[in-house]
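Each in structure tokens, the structures are laid out below.
What follows is a pair of complexes built around subunit A, which joins subunit B in one and subunit C in the other.
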Partner chain A sequence: MKIMTLGWRLALTCCIVMVMCFPAWGRTIKIGVIGPMQFVQGKGHWAGATMAADEINARGGVQVGGEKMKIELIKADSNEFINVADATNAMERLMTQDKVDFVVGGFRTEAVFPMQDIAMDYKKIFIDCGAATTALCTRVAENYNRYKYFFRQTPFNDIYLVRTSFAHLAMAAAVMKKELNVPIKCAIVAEKAAWTDGMIKAAQATIPKLGMELVGTWQPSDKATDVTAELSAIQKSGANVVFTIFSASVGITFARQAGELKIPAAQVGINVEAQKDGFWEATKGMGNYVFTTNTYCRGVEYNELTTPFMDKFIKRFNETPTYTAGGTHDAILYALVPSIEAVGSLDADKIVAHLENREYKVPSGIVKYEKTKDGKPTHDLTWGPGYLTSLGVQWQDGKLVGVWPNKWKLAPDGPEATYKGIVPMKLPPWLKK
Partner chain B sequence: MNILITGLITGSMLALLAIGFSLIFGVARIVNIAHTAFYMVAAYCIYYLSVRVGLNPLLSMLTAVAAVTVLGLLVYKFLIDPIREHEGAVLIATIALAMVFQEVTLRLFTGDYRTVDFLITGFFTVGGVKVFYQQLLTFGVVLVTLGAVWFLLMKTRLGLAIRSMAEDREVANLMGMNESRLAMITLGISVALAGLTGAVLAPLTVLNPYMWMEPLIIMMAVVVLGGLGSIKGSFVAAFILGFTEALVVFLVPKGAFLKGSVALTIMILVLLIRPEGLFGVSFEEER
Partner chain C sequence: MGLALFYVKKFFKIVRNEVLVLPSRVVVGLFFIVLLGLPLITQDPYIVRIVILTSIFAILAASWDLLSGFTGQMNFGHALFFGVGAYSSALINLHAHIPPWGSVPLGAVVAVLAGLIVGIPCLRLKHTYLALTTLAFPIILTGIIFALPQYTGGEFGLSGVTRFTNSLIGNYYLHVVTMLVTAVVMWKITDSNTGIIFHAIREDELAVKASGINTTRYKLLAFSLSGFFAGIAGGLYAHYMRIAGPSTLEVSMSFMVVIWAIFGGAATIYGPIGAVFILYPLLEFFRIWPEYRTMIFAAVVLVILLYMPEGLIHWIRDKIETECPRCKIRNAATRKTCRVCTAGLD
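Now for the complex of A and B:
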């Protein structure tokens, strides 16, 4: 009797262990979410992906042929800010150990290049939700058979990013001319990093063409904790506009110290730290009137998908989505899943063939993948009114508001873009004295 | 004027860090690579206490310095003391310790950038140069601290004992001094100086878990340039490198990011000419 009892107990234990090990009996679609998970970019990747996966699973999963499959997310910390090798290891693990079907994420170009190669080796679709370098998509056009599994979801490429920033600069200059009636003198301040080199050259060539005088270029370290020397020199140069190119902590230092010292120049350009809700607190309110490019802004609506997405995200995470969050969300919900359902299979080649020809709406505009002049797919994003434009946002008295595009045209005879919720740009009051 | 002010402030910060590092090396031959990690821990303590808990910023600073000092003493007792005789092992252990501090901070506070409030807001203008009151306060605190360290070392019995130990450990031992206890006290002072640097710098900087690495390199450059273990050498070298950094920023705006590299190049050049560092010999004689 005792032996029988023991046998039954063992059998019961085995059953429990099996149930615990295999909670879902049906096959799931495994999506790897790769990013620097201890940093805001990676946290955004994960938040956006979980929101999309939860929404799809709540409605029963993905219809793959005759089968409903749920989405299972696998988190992979690329630690790419610190060590690119960690990023390649994380991608390798997703391929070999976790055996994912798709991957979304990535942030630093230096890490995304090797991650891209690993994903292509395994013929897995990898949707980039962070790196802007054009060359990532040039590879698709140049070697389609190898790189066709790579797509960009966000942001649009660095060439368009620069053009957007120049549009912001032109608008700021127009506001200054109208309100102050002064000649515009522009200083370029860019952190020392590989990604800023091309932008500095482009800015140096373009700023005079926009009718502004270029008074100098400053390049502090991306981790500089004191830029008072640079600020003194900028003030001495007579600059009344500073074109910023920052992605790291120097963006906080610069904005905080410039605000504290009341440097009489408007800050316009890219300041990744200024895109975050925490910027106001990080600069102790000194970041007022800082203008930066951004993807989402509370109160600004690209289309009918924007507000429901923003409201849901803010309700769940209590913060405005970053572009990496919007990217992974859109990559899963609007890019992958509809294509999987349309082809009725997880076959990467079939999905690529379907996805690359689609034009679909996302909360930040309309995605259409570009082709080269000779018709080769690049899987890069189309930029401009009617597609993706991003926003120009400005801190105004503790609130981040959208100020661009405001009746913006890419070409004189092209369509005009203004989104719902856009307000006029403001100049710092100390600039008017 | 800008170069003078920036150089003085940068130099005094470096001096505060480098003197603490030099002190423990000179007395106990402990190469504490985690020195700047203690500075990072102090800065995060202040952030936690003043921003998250809402404690008075000044009280937060004092608490942080005390907490970091206690942490340093515990580290000495349980990590460094058992392996003290093996300098290489101490070096590796303190590297590991710094990494542990970094990872724990990363887990607790994530990689997001943090800032703390200025104790005094606003600025004044000297010779056309805008200077934050906070920078002035920081400079004052650094001067007072350096004066206090000088007084402790030169005018007190404890200072005499520390200097004796630095001069000759064996003789000091034979004279009845408790070498281990003195080393522990010195490490406490050294870590307190690192904590104090974190405290006075926290309002002027942006906090992240990797903030200990950059000052570590410059601090090592200061210590090697001044002469390893020489407090006077560290003091002078800190201001040399502080002014060098300021000169680079002002004279080569596009090359402002090169200030660290220029400082390290000067260190290498000095080492090629005087391997013992600028004040190595004179300090040995002085000791």
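Now for the complex of A and C:
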């Protein structure tokens, strides 16, 4: 009798353990999340994906026809910054070992190209949440039957990224003209890296067209710890605007030393370090008035989805979401899931046909996939007022605030864009003396 | 029929008398059989992919050994040949529309030229100076690639390179057989008179010169041959991945080749190949602990090199075979007397 009791107890324990370990009986929707997981970009992919999956699973899962299915995420470290072959192995593994239904992620273009090919071989939908190269989507238009399973979620393509930076520069110049009424002299300062080469050429061609005088181009090392020589030369050149192109730690050095030396020039452009919450601390407050592009900013609302998403993300991860985090979150929650539910199936062809014709809201704007002039789908993102624009943000007295778009128009007769929470751009006080 | 029977008998006789007598040869035979027979056991695309990439990198590691292991020309920029092979094949394929069967050998020829371009200025350099100079070449080429994005694709590389074949098994056999053939060719080169001269140059270049041998010619030959085989590997890589990008020229690629070769045992050809076939799949296996993957991999390499400084394959060979003190012929470790001269082996 005692043995029987023990046996029953064991059986009951086993049942409880099994129920706790496998809460989702039945089929799940497997989504592969691929990215450089040891780096901030991959961590962003994973954070965004887990947030979206948890939200969907908490409300019972995805309605696929007559069945409710939960989302199961499979993490794949592509290690793409170090080894491109590793990234393709990770993608192949997702396809053949983990047998995922969809893939989101990717960052380094050189790795995303072969990863894209593998996903297309298996006819699996792959949503890019990191690489900006236009050519990835050109492939969709050129060979639709093969590449139609590829979509871009974030960021918008490199051509639009450059145009956004020039829009920021034009706004800064307009503010200066209005407040100081001086001719605008612009210096380009870009870190020494391959990715900046194209931008420098584009900036050198565009700045004079914007009515500014180009006084020179400086390229310090991307890890420079002292840029006083460059700053002195910039000051001597008479520049009152510095167009920055920084992704590495030189962004902190430049901002800090420019602040310390009170260089009479406004910094506008790309400074990835300035997008981070720790920038103020890193520059000891000397990074005041630095302006950079960003996707999210506390207090700025693109639409009604922005604040709830930001609040949840900050509460959970204690930091502002990066664009890879936001994009991966949106790819699952707003791109894939509604299309799966609408077609009532996991059939990739049906989902593609539905998704490519949708226009849907995400916390950073409205997604609409572009088509070529002759109507071929590219699955690239539409950029401009009313769609995706990103933000121009500025450090103002210890707080990162949104300053762009502020009544921005892409064409004189086109729609205007201003988001809730956008404040006027401020010029450094020492520029006015 | 009679002739066929004669050759079959001869084959089995060779196997019995030349292969089965030495454990290392048995292992090599099994390696060939397993590789060629793997698709009969599994056609899992993931496993096939790993074996294909392993084969490509095995050619690359063996080509480094041919130059640095045998001739002692310490090359820390071997990715140059790999990258040149990859980019040349891709450019030829994309612009001249030559299929991979033509673009890979042509890419390898361009890599030979790269070998000569590197080899000539490096002739007067030795040891650390040579290593540092060779390290600079892939960095220079990367700079050129970024400077000419209209031809090279810049930081994004050249994508859309055509595949050899879309067949999984076709791809498998193409890469594996190429690896086996190039490995045998490299091994035969090192086993020939040329190989002996390569060895001698590494040990005492002055003595080789004093023997009336033109060491300059042989060192350039080593650079060219190494460049050719690394170029083949680069071409195969570009066509398999369908992209030739700057990552093929990265410093980490050059160092990875050195790690493979030293891990397996330099100046052997089979050592680096064995090392790649152990380390590359092992790194994939460590995906089960993604956070610690690279750390565990580094620890394995360090432990092996600490306890087996001559390389893992050398160490294993010394454990399973002994050399006859009289005739220097290798014997299975289990034998008490030499299989040729019958001298005692203890």
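Here is the rule we use: the second predicted complex is superposed on the first by the 407 of 433 C-alpha atoms of A that agree within 3 Å, B and C clash if a C-alpha of one lies under 4 Å from a C-alpha of the other, contacts with A are read in each partner's own complex, and residues count from 1 in each chain.
Everything below uses one rule, namely that contacts are C-beta pairs under 8 Å (C-beta built on N, C-alpha and C of every residue); 3 or more make two chains touch, one makes a residue touch a chain.
Predicted model only: the values in this text are computed from it and were never measured.
J.: Based on the superposition on subunit A, does the combination of subunit B and subunit C result in a clash or a fit?
T.: Fit - subunit B and subunit C, as placed by superposing on subunit A, sit side by side.
J.: After the superposition on A, what does A:284 contact: first (subunit B), second (subunit C), both or neither?
T.: first
J.: Look at A:40 in the shared chain and tell me whether it touches subunit B only, subunit C only, both, or neither; answer first, second, both or neither.
T.: In the superposition, A:40 contacts subunit B only.
J.: Between subunit B and subunit C, whom does A:109 touch in the aligned arrangement: first, second, both, or neither?
T.: A:109 sits against subunit C, while subunit B stays out of touch.
J.: Quick check for you: in the superposed arrangement, does A:96 touch first (subunit B), second (subunit C), both or neither?
T.: Touch partner of A:96: subunit C, not subunit B.
J.: Touch test for A:82: subunit B only (first), subunit C only (second), both, or neither?
T.: A:82 contacts both subunit B and subunit C.
J.: Kindly classify A:319 by the partners it touches after superposition: subunit B alone (first), subunit C alone (second), both, or neither?
T.: neither
J.: Quick one: is A:301 in contact with subunit B, with subunit C, with both, or with neither? Answer first, second, both or neither.
T.: neither
J.: Which holds for A:219: it touches subunit B only (first), subunit C only (second), both, or neither?
T.: First partner only.
J.: Given the superposition on chain A, what is the angle at the CA centre of subunit A with arms to the CA centres of subunit B and subunit C, as a multiple of 10 degrees?
T.: It works out to roughly 50 degrees.
J.: So which one touches more of the residues on subunit A, subunit B or subunit C?
T.: Comparing subunit B with subunit C, the partner touching more subunit A residues is B.
J.: Determine the nearest approach in Å between the Cα atoms of subunit B and those of subunit C after overlaying the two structures.
T.: The answer for the closest subunit B-subunit C C-alpha pair is 6 Å.
J.: Between subunit B and subunit C, which residues of subunit A are contacted by each of them?
T.: 38, 82
J.: Under the touch definition given earlier, write down the residues of subunit C that touch subunit A in their complex.
T.: 44-46, 49-50, 53, 146, 149, 154-157, 159-160, 237, 241-243, 245-247, 252, 283-284, 287, 290-291, 293
J.: Which residues of subunit B touch subunit A once you look at their complex with the stated criterion?
T.: Residue list for subunit B touching subunit A: 2, 6, 9-10, 106-107, 110-115, 117-118, 121-123, 129-132, 135, 201, 204-206, 208, 210-211, 214, 246, 249-250, 253-257, 259-260.
J.: Inside the complex, what are the residues of subunit A that reach subunit C?
T.: Against subunit C, subunit A makes touches at 37-38, 75, 77, 82-86, 88-90, 92-93, 95-97, 109-111, 113-114, 117, 133, 135, 139, 194-195, 197-198.
J.: Under the stated contact criterion, what part of subunit A meets subunit B in this complex?
T.: 36, 38-40, 43, 81-82, 192, 216-226, 228-233, 249, 252-253, 256-257, 260-261, 273, 278, 281-284
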